[in-house]
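In structure tokens below, several structures.
The two complexes that follow have chain A in common; it is paired with chain B in the first and with chain C in the second.
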Partner chain A sequence: MSEMILDQASEADLKSLVEERFGHEPQWSLARRQSAAEAVLNLDWPRLERTPLKKRKLDQLHLFKAPPTPSRTAAAAPEGWAEIWLDNNQVVAVSMPEALSLQGVRLESLTAALDDPDVEKHLGRLLGQDADKIAALSGALWQGGVFLRVPARIREVVRVSIRSHATAEAGALFAKNLIICGAESHVTVTQRLATDEGVSKTLLSENTEIIVEDGGRVDFGAIQQCAPTVEGFIHRAGALGHDAVLNWSIGEFGAGLVVSDHVSHLDQPGAQTSSTTVFFGAGTQHQDYSAKSYHHAPHTTSNMVARGVMKNKARSVFTGLTQIEAGAKGSDGRQKEQTLMLSDDARADAIPSLIIDERDVYAAHAASAGPVDRAAVFYLTSRGLSEPEAERIIVHGFLAPVIDAIALPELRDEVWDAVERKIRA
Partner chain B sequence: MASKPIVSDEYQYGFNDGDVGVLKFNRGLRRETVEEISRIKKEPKWMLDFRLHSLDVFMKKPMPNWGGNLSTLNFNDIVYYVKPSENQGRTWDDVPQAIKDTFERLGIPEAERKFLAGVSAQYESEVVYHSIRDDLKEKGIIFTDTDSALREYPELFREYFGTVIPPEDNKFAALNSAVWSGGSFVYIPKGIKADIPLQAYFRINSENMGQFERTLIIAEDDSFGHYVEGCTAPIYSSESLHSAVVEIIVKDRARMRYTTVQNWAPNVYNLVTKRAVAYQDATMEWVDGNIGSKLTMKYPSVYMVGEGAKGMVLSIAVAGKGQHQDTGSKMIHAAPHTTSTIVSKSISQHGGKTTYRGLVHFAPDAAESKSNVKCDTLIMDDESTSDTIPYSEVSNANVEMEHEATVTKVSEEALFYLTSRGLSEEEATRMIVMGFIEPFTRELPMEFAVEMNRLIKFEMEGAIG
Partner chain C sequence: MSTPVLEISDLHMRIEEKQILKGLTLTIKGGEIHAVMGPNGTGKTSLAQCLMGHPRYQITGGSVRLDGEDMLTMKPDERARHGLFLAMQYPSEISGVTTANFLRAAINARREDGTSISLKAFRDQLDEVMGFLDMDPKFANRYLNEGFSGGEKKRNEILQMLMLKPRIAILDEIDSGLDIDAIKVVSKGVNSLKGPDFGSLIITHYQRILDYVHPDFVHIMVDGTIVKSGGPELALELDKKGYEWVRTELAQSTHQA
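On to the complex of A and B.
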């Protein structure tokens, strides 16, 4: 597996790499990759107000000339679920209940679905490839990802699990996922991101676009538990039709550096989104999260909740944005961000913004940060618990209202397990 | 509901009384302008050096790329210094008639007759009238204009001047530091309580006049003072700039309150830096009303550097047609057991825009500190907008930070209830708006509260009639 280091690559190198690896793709896809390759060297790394990337030496990344090879195979999927396994962004297995395939549900590798007109139409619509250098690298070199399309008016809830795993020496991984939920269907997706423990740095870029057509509903849950060597750039965006619903449940635990955002475009009247983010920073993790809701149409609703726990020397930034455009009458946008501080060396910033260009709305946000309640610790220790155990119970109590509200039961359990591991770490 | 303005777009104090300035500079800012200001004022060398250094800083600093639209602000189109009369008016009789007339319309003499401590009225760039009640003087309180303070109390002045807001702080603080003129200087000795508010009115008069007043307040240990500043200005067609710097030092256990009602004409850029340092167990309170100006960018701050210090900001902003009120507050918790409170009320109407922009920062040393921030906005019509951008930075586990904000319209339920009780929709709307800003008016000195209520009531009726 030969490789190329980003800062030594010329535009011609990148373009020939694209040709070599993706030359077989349909013309439209190849053309997009080539134009992104042309942009890579001209674009800057993402400029984040509170997450400087300069010292991270991202330009020392290894771009493998061949995709990293898969190392695992799939286990059995849970009963009634469709499941897709990816290893280093290569799909290694898909399991699909017959009932779902008969109804026309498609779950497959995105690279295998490029002939589908929906892919050409929607891929890159919400997450463009010209925002910054990582977006362009992803546009040029994305190795794989998931395509899920659920036809309109499927009566039962379609349950889909995406398990994505990366090996330690993967270098730079760029994934794209596209989810299309047809009108009045209901899809539940859980995405698990994990990597092996390793010594060398991995750039993990993960772009997920979700289209929810009129009256459709998507419950999207994700849990990220990557190794500390990973620097993750995880972008998710959804576009909602008439009366469509998109619920996000995001659990963020791993990676040394993570920039993770999710955006909902409430494009049509009656669209609704809710989002829950649970994060836990420990060690020297740097976490930059944002949740954004854009109300483009009347009578749209958003409700974003985040709860974080910070310990050791971890650093977090949480940016919330509720933007209500002029004309989006009768809209309702809310945010709530709470952080529990377990250490004096940790730092948590919160920037919950409201940008309101319409009179006939309700918009609100609340943010708070505070320590473990010493009176509660005293009470619990006086009942015979050790201090770490008391603190653990208080962290549980703090996170329970949001974790228990996660609609997907087995994701909920995994989030609890992740919290437990972080408390003990 | 049809939109009803709270403060009409017709500017009530939009009269002007001709150009009474005796000495007026040409437009634009050059090194010579700064040297000339300093020469006329017969300032010591260190102040000239300070001004020139500040000018360099100003020239080097880029314009802020956030906040309001500053693109039509032309620094070369501003007169940086106007001296309205040869001597400082010691008594009311000495004040030129034209200026008196303006103040009469603003109600200053009336205010003085009642209970005001001293009137320090800045008309154009110099303080033209200044009086201080004898009992303040007896207590050892110094309340004078800043230029006189530099002459009369040189050591005290130099010890504190520029220590809270250095010229390097921001572009407009640097500009003020280079060309400042007038403003108030207040010194309250140890243990002294100024039990009546100290008041000053400011006013821009000449077209394209920049006002760069500089206020310095020192409250020694265990003292108390309340400084009140209000301003209105005539309408002019071209832009005007007001860029003040207010520095306040509140020492151990002292308490200082600074009240502003800002009602600049709608062509004024109001770009002001206000900051206080609060020492051990000291309390600093900003009561800040922003009604006028084209664009205001003002974020009164409290740096709580002593254990147990407290900071408070209570503010309202009203943005009408063509106005942008970009206001907020900064609370820096740099010591243990510090407490801050921010209450912000904004109203936008007739295409106006309000922005709340704030920062609450807990440094690693801020153990056991608390902050509570509450921002509420009313949007009155379909053309108006509002942004709320609060930043919080927490670097200590043992602090409590709470922030809440809402953006709403006038409640239809409340309107329905009030109109069902026989009130007209106009009266009901007014009542709701008055109730919305009541936490602010309640904290104003009585005269200001009356003025404020009258302004809002009168303007609403006027526009509705």
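On to the complex of A and C.
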């Protein structure tokens, strides 16, 4: 069974694969996996209005292959940081400053933490396994991943780095991550998703759930620079308690196809979320992003910003949704999406939407997608700058307000480097 | 460096199907200031942009040479590096690059030997020119033209001209929308470059700026061509008689000729 292709698999094949690989897991986890395995064949691939998946032949994936074993060794983590390295979702190394482990911070492989009641309680709460075929596959076959738990009221900012890498011949990877930030603690997480350059066609499914308890704050930053052969389905969701804060900073640059979203559930009064997405598509990349803010409670605020650049024949869709439920009085939800197109063949859609069921709120959205201002290019070239240099300056100016606002300095620099590489590519 | 010569010869140009320039001939040499005046919509701005190489214009005949070199085959940045400069009527706002960083990049782009100007030499020069133009030094660190008033943008064009030291400068309605004090400053900038190594083409709708920058030659442009040329006195005559006189009398006489 080790080399079976998905479209040749029966439900029984899937279930016996789950038993073979995960039979040793706690009963609750195994039961969930089996119920997901039962659902795989009955569910469709994700249906995305502007991102057809049919031609991608996702069901030809060598799903049953066990991911290759890790080969890398980890470099030293930055001073004071906790860092976890993963190859093909399997933990290679964890480094944890003693001060943090003494205070009860846990950072480890999620599979190794299945005995923790918090994992049973929260895993799959925000990202279920019945949404579509990929969600079910992930529910049945996920492995490795990261579990981070920060206890309540840690006095200093806990800084965590996740370095996730897929090697060649990975095939299909399903990862789950769970982050729990205890009350009144403050965590920054920087996630780097990358692959080997020559990686074969790979389905990368990455689900991250973030629980922010009362008065807690999570600054979650991610940068994705996978090879063009990767087809990524990256879902992230957070649930916020009273006065909790969740700030997303997402930089999307790699992968031939990426379907990525991040969702904030403002569950309790006073919760706040902000989200910044920077994306840059080139070649024939297809990028489908969405960001969602759900105001379930009064006096919650959300602010969503996205800026993208499309060159060559790249194609992007950015869908923003701000939903304010009845009773969420005094809430404030905003979103703004802007895309710049560097060529006539590039295409970008920005689709903002607001759903407001409460009168006493503030909500606003704005969206634009347009080509580079040719008058500005002419102006700059008339002073002696070459056309590529003029475009580079214009792209810089377009992205600077959002990139420079990224709260995680090391991520900010990496995002600028990625932009620079894409401009010159 | 030798005295520059810009020769525009029988230039024909159109945008899509519309013929804009219909055989325009004009030669500008170092040491000379030429003024091209004319009613609105006669092709003055198109002439300026076309000389700088704006891609929207299609040349259908004639030639433009700077020191004998064909400008029409060059892109705008190449023309700039050959010493051509255009102060634009509506300069673009460029976010994300400060005026100072932009100017430094532009100066470096024009250096033939590939070396860069030192930061200190650049800063000293910038401070001096900004002082000369009564510009607040903080403009240097603001994004290029972003949020600038009309007058500030025009002053910024002159600042760029003085920093880049072109051989031939085309000033497209540099005076429009300016108050007298601003016109004086702009004119001071142009006059400071006057000399055998610098020639200028001032395109204007109004006579006012010519009180401060004294032209050696005045040309009247109507309907895509120059209909009358003369000395500074022509501007005064035009001021007195108005553009109606140009349209009726001059345009007619050329058509008959």
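Observations, loosely collected:
The definition used in the following text is that the second predicted complex is superposed on the first by the 419 of 425 C-alpha atoms of A that agree within 3 Å, B and C clash if a C-alpha of one lies under 4 Å from a C-alpha of the other, contacts with A are read in each partner's own complex, and residues count from 1 in each chain.
By definition in this document, a contact is a pair of C-beta atoms (placed from the backbone, for glycine too) under 8 Å apart; a residue touches a chain by one contact, two chains touch by 3 or more.
Please read all numbers here as calculations on a predicted model, not as lab measurements.
Of the two partner chains placed by superposition, only chain B is touched by A:S343; chain C is not. Touched residues of chain A were counted for both chain B and chain C, and B has more of them. Once chain A of one complex is fitted onto chain A of the other, the partner contacts of A:R383 are limited to chain C, with no touch recorded for chain B.
Applying the stated contact rule after C-alpha superposition, one finds that A:A183 touches neither chain B nor chain C. Of the two partner chains, chain C is the only one that A:I394 touches; chain B does not reach it. Of the two partner chains placed by superposition, A:V94 touches none, neither chain B nor chain C. In the superposition on chain A, the residues of chain A contacted by chain B and by chain C do not overlap at all. Listed in rising order, the residues of chain B touching chain A in the complex are 3, 364, 367, 377, 379-382, 384-409. If you check the complex, the residues on chain C that touch chain A are 49, 52-56, 75-77, 79-81, 85-86, 88, 90-97, 102, 105-106, 109-110, 143, 160, 164.
Residues 373-376, 378-387, 389, 393-394, 396-401 of chain A are the ones touching chain C in the complex. Contact residues of chain A toward chain B in the complex are 310, 326, 339, 341-372.
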